[in-house]
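Input: structures, listed below.
What follows is a pair of complexes built around chain A, which joins chain B in one and chain C in the other.
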Partner chain A sequence: MSQTTLQASAQGFLARYAGLKSRFPGDNAQRAAGADAFARHGLPGPREEAWRYTALRPLAETAFHEPVILLSDTSAQLTALALPDLPRLVFIDGRFSAPLSRLPDGISITTGAPAFGHIADNGEKLVALNTMLAEDGAAIDIAPGIDAGTILLVSLGADAHGHPVSFHPRHAIRLGQGARLTLAEINSGTGVYFNNPVITAEIAEDATLVHLREQREAPGAFHLSTVFAKVAARGTYDSFSLALGGRLARVQVHAHLAGENAMAHLNAAQLLGATQHSDFTTTVRHDAPSTASRQTVKNVLTGHAKGVFQGKIEVARIAQKTDGYQMNQTLLLSRDAEIDSKPQLEIYADDVKCSHGCTVGELDADQLFYLRSRGVPEADARNILIRAFLSEALDPIAHDAMRDHMESAIAAWWDKAPTP
Partner chain B sequence: MAAVAETLDTVAAVTEGGYKWGFSTDIEMDMAPKGLNEDIVRLISSRKNEPAWLLEWRLKAFALWKKLDEPNWAKIHHAPIDYQDLHYYAAPKKKQGPKSLDEVDPELLKMYEKLGIPLKEHAILAGVEPVEGERPPIAIDAVFDSVSVATTFKDTLAKSGVIFCPISEAVHSHPELVRQYLGSVVPAGDNYFAALNSAVFSDGSFVFIPKGVRCPMELSTYFRINARNTGQFERTLIIVEDGGHVSYLEGCTAPQRDENQLHAAVVELVALTDATIKYSTVQNWYPGDADGKGGIYNFVTKRGACRGARSKISWTQVETGSAITWKYPSCVLIGDGSVGEFYSVAVTTNRQQADTGTKMIHIGKNTKSTIVSKGISAGRSDNTYRGLVRIMKNADGARNFTQCDSLLIGDQCGAHTVPYIESRNPTAKTEHEATTSKIAEDQLFYCRQRGLSQEDAVGLIVNGFCKDVLKELPMEFAVEAQKLLAVSLEGSVG
Partner chain C sequence: MLEINALRAGITDKEILKGIDLIVPTGEVHAIMGPNGSGKSTLSYILSGRDGYDVTGGTAMFDGHDLLEMDPEERAAAGLFLAFQYPVELPGVNNANFLRTALNAQRRARGEEELDAVKFLKLARAEIKRLSMADDMLKRNVNVGFSGGEKKRNEVLQMAILRPKLAILDETDSGLDIDALKIVADGVNALRSPDFSALVITHYQRLLDYIVPDRVHVLAGGRIIRSGGPELAHELEANGYAAVVAEAA
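Now for the complex of A and B:
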């Protein structure tokens, strides 16, 4: 039953490709390869190990259309996001909006066609779907030695007059040797839509990409995003993902540490309520000696929410002196919330230090009692403890403006969340 | 200091090396033709003179098996198994079942002696009684290929109301118990290998501990695959009634053969209110040679149900053998306050592959589980821990602690950890920790400095690494397990 729903949904996407392929911009050979892979493999199903905890059925049951030009004014939405005063690239339903954007000076950014990059893998089914239907995206190139500061990458989604739409933006970031960039992504919207972005990041020697992601999609939205980051020697991919929104969301990050002393941080926080489902899935491939990875993933679940964390550390035979660490902690605040966690180590080198930890529980009764006994009302006491729980993932964010922005997004979410 | 000396003795005692249990025994066998179909299932059932309900049960299982797919999620690789190229029944030829040990084929007794398992009761008594007087002997059920050949101490056990006999015998002597519990923990359609076992299982042990009885001695089964091209499909069923207690040991070996042999066993444990079952395994099936030729494919389903309040099931396993190990001894914690434990040491060398772990399903309130897994990989082997902890909605106050440590010896092996943690109750607490490392240089240096050879030093450190698990084993097995660890790792160091 579910299998046929998935197939029907995949057929819908393939039909859209068949109808529009002559009109899509960009590299048609790449696109055809993606379409070929998607036609063969379709959407991921529940019997696949990587998708055992996230069923795409609700997505498959929705018919998505090609976005139309929005007549309504989206600038109000943008204002509501209270963005920090920084250069920004704004995409509406996956299409670049020049009037709403503010390009940084002296940095090479191309839009108007998907930026396929070189390191995405169409074996990932959602990536194949993206490759097949991508219409737009940003290609950001930072020259060697340049500190490009911060660029905001904003995505706003909206259904077209009640018709759910899907968009598949494709961005490629390239950092030259010793370059630096902070890419701050904010995904938001209204109505029912499916946002399926793919971002590739190639980080050269000694370069650093800080990737901060705020997912606060509309309550009816689907958000399935994939990041591929390839890090050369002494380079760093430092990412933090905040998941607050969406009906069904999954963030996949594949970090490939390809050069000696390369490093990756894949931190995340997921705050979920009502019937939200959110999944944070990562793989870190240690492919060179003396590489390091750090992961701190925190989940706060209430209502009927379901949270998923899957994290895999792979250490290749050559990657001696690897240092891999992963911590996943979950607070279950209601009787009906659920967490599924699968940390995973796959190790082929002997001189390594790899560990993971995972804990699940409710707020500590003693800590709550301590605060209550000092006159803190219960609701405040809970908030203080939850904030403290999240701080381990949030505090490492060095970018003050973005950290503040995320903190206020969390505060706003919390005001709306049903008290357990 | 004593422990060190003991370890050194152990290492010295096993210097002959290799797989010393690899001999085969020439005994006239009664074999079913190769292949698997309904007729074979009927033949097995009729050879065992089984009642109609059991044949029906087997046929249902066979029908289920035909519909199931072989599982492919484990991190193991092997050539496809031809299930039609096996004998599904092999038994030593005999006129009637042996009435007493005197009637058992002397060749068989000799084989078990070679294995170091004295089946003769007087031998055990002679060996054990003078030493410590107090120490109760061990009752043994020996399973040779598909058939249980001898069960010792039946009379002593019967006096306290304990039933310990081959399951094929229990089908006749206690049909109501077998019928009530068989397949109640591992249903026939549970998985591919459990369905296969349910259709063709040959023999195994049956244990029943009545209300309030503490089994007066350790029970033990020794499994041996001997015949060529056979599969062994034993089935063990242990039931402990309210307040009962039993400790059960299981050992396994097989001859050295070039082809792979299939072993698909099912073990079911049922613990009622306040009952305790301790199940210990030392698995040393033939692992294949250094190039990965031959060896046992060990696909085993083991599961215990803690049905009563405060019941406890504890699995301890030392896995050193088999070319492939696919085994997840599990606990279903139904009764409030019930306890599940899993202690495991898995050693892989050469080209062995082990994918083993446990499942702890917390259903009742205040249920507790502890998982301690130690994986050691050497040579070109792959060693995976795969474990599930699931907290169901009503498991208020459930508690789990999991510790998985992996040790890598050499840079051609792999160590993998795949835990699944699923929690649906906010009052439950689960904790999981996993580490992977190699033997620390400073530990090795310290031992070498005190005159230990490289190999002995590694043996010592590995024993220390496994101590948390080995101390859970009954004394008799702990010694054997330590020796096994030393033998298994021989030649993989330096």
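Now for the complex of A and C:
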């Protein structure tokens, strides 16, 4: 890919920053540092190992504008999502919408400025871009010992009267010792836009953050998100990412297991059709003894879709008794679909249990015939087998309302996807 | 019920069935016996509609339908059931859901009312009890981790719940100990009625001690070379296939 396309695109984002910097809310020292990093490094390109399988060219070829204040009625879009009846924070084009939101009682939530959080980023170019242009976000603080239930974090994207827009929300979640929260994200929208959220999650001792993510962006949308989760002793970051929307998408999750017996689940399912491209990239850093990570990543690809999974497990010398597991399985429903899968293990401790596996296959003809021979029509039989394939990733979701919501999103995806 | 006429079929470049003629009247149980490689399993797959076989001649009519023109699911809804020689494992598919989905798909195709979960479970539990099966069979994934005997019993359970007009049992006795064999046979015998027919495909006469057939056919080299009463099975057991095949040649 032409480096100049990427550079030109980066210049566009920098020009927007130059024009708006005096008007941005929040910590402008941090923002300036982000802008400085972005000015020096630009967008990630294909020469970087971490970006070999996901080319940002289609993104770089699109000129993105600042979101305008939408006059159109977005509440219809919200209704169409059939959200579970739970407290919610709604962001339109990356800006908090008080009228569409319903705040939970007794929980500290701040909006109106980016929530940069306290986790040092790792030099990610996409994070620098976010830091430079972030306008808004939610800072959610759960006090020690509190079970905060479930909060929905909804992002609705829309182009500005036909012009592509980009937005860069920045959220920070902090869980005090022994606290619990389920954060359920739903990303959706219409038209061409670029959603570039960054979420930091600090999880104290014995705290649990369940992070459920439903990415069902508009077919023309770009979604590049990054999560940093830092987990203290006996804490848990339990995440599941469903990707079925967007034209070009990448979800990056960096989990840092910083205290003994900390645990991370980074499960995902990607269902892609047509010419969709979606990438799930994870890094798990085992930085303390007896930490555990589990990753079950399932891809269902049809049409000319391309899926990517990159999973890196780093085990520091101190992290003895680490238990790391990673499994990536792909169901290819068409000859033209493609999966790139890259596991990476870097282990510096000598007493660890780490395993990874990868399978790629088609729907099993014997299984299909078995179901049909019992009277199940072919399309239903395929659905049953695809759902069964996803079950290892979906079934562990303990949140019934969100699991049901995701199941309906999957059913709707399948109804729209071209039969191979 | 089932009327097969001069059926010829095979896989690419290889004819396996070389003109099968067979009639199974309503209410009768027929056995097909034959040596390995005679085409027994091919016949069961072609009748149930599995992909990968070319039918090159002949007809197969089932209850007034041209079987060979129908999709597997249409054949099932019309009342045909194949008990698999090697039942397929479906990881991630719950057995109870599988059975209810299958039953309701057939009922829907026939324009009948679907069963709700409560009615279905009542039916399934009754059949499970009758077949001396463990209750947890319904909770497990279809055939996953089942022993050979459990898989075959699960086939019989499906048959008992789906209530076909014609059941084809493809070497259901293979890999079964005598107790499991009796349970399977009891399951089939319980369905015997003037409206139920069965085609029992087997290599050994043993199963036919428990499911006593009305007629026995010998399949060899892709043709039915001899037909007779239940005593034919005993003759095969005593003298072996070679003698019968030689006599027919």
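General remarks:
Assume the second predicted complex is superposed on the first by the 417 of 420 C-alpha atoms of A that agree within 3 Å, B and C clash if a C-alpha of one lies under 4 Å from a C-alpha of the other, contacts with A are read in each partner's own complex, and residues count from 1 in each chain.
Operating definition for what follows: a residue touches a chain if its C-beta (ideal position, glycine included) is under 8 Å from a C-beta of that chain, and two chains touch if they have at least 3 such contacts.
Just so it is clear, the model here is predicted, and its values are computed rather than measured.
With the C-alpha superposition on chain A as described, chain C and chain B fit side by side in the combined arrangement. Once the two complexes are overlaid on the shared chain, A:L332 sits against chain B while remaining clear of chain C.
When both complexes are overlaid on chain A, the residue A:A379 reaches neither chain B nor chain C. If you stand at the C-alpha centre of chain A, chain B and chain C are 80 degrees apart, rounded to the nearest 10. Of the two partner chains placed by superposition, only chain B is touched by A:E362; chain C is not. Legend: residue contacts after superposition of the two complexes on their common chain; A:A76 is shown touching neither chain B nor chain C. With both complexes superposed, B is the one of chain B and chain C in contact with more chain A residues. When the shared chain is aligned, chain B comes close enough to touch A:K342, but chain C does not.
By the touch criterion stated above, A:A29 is placed in contact with neither chain B nor chain C.
When both complexes are overlaid on chain A, the residue A:E392 reaches chain C alone and has no touch with chain B.
After superposing the two complexes on chain A, the shortest C-alpha to C-alpha distance between chain B and chain C comes to 16 Å. Looking at chain A, you'll find no residue that touches chain B in one structure and chain C in the other. The part of chain B that touches chain A in the complex is made up of residues 73, 391, 393, 406, 408-438. By the touch criterion stated above, chain A contacts chain C in their complex at residues 364-367, 369-378, 380-381, 384-385, 387-392. By the touch criterion stated above, chain C contacts chain A in their complex at residues 48-51, 71-73, 75-77, 81-82, 84, 87-93, 98, 101-103, 105-106, 109, 158, 162.
Of all residues in chain A, only 49, 317, 320, 330, 332-362 touch chain B in the complex they form.
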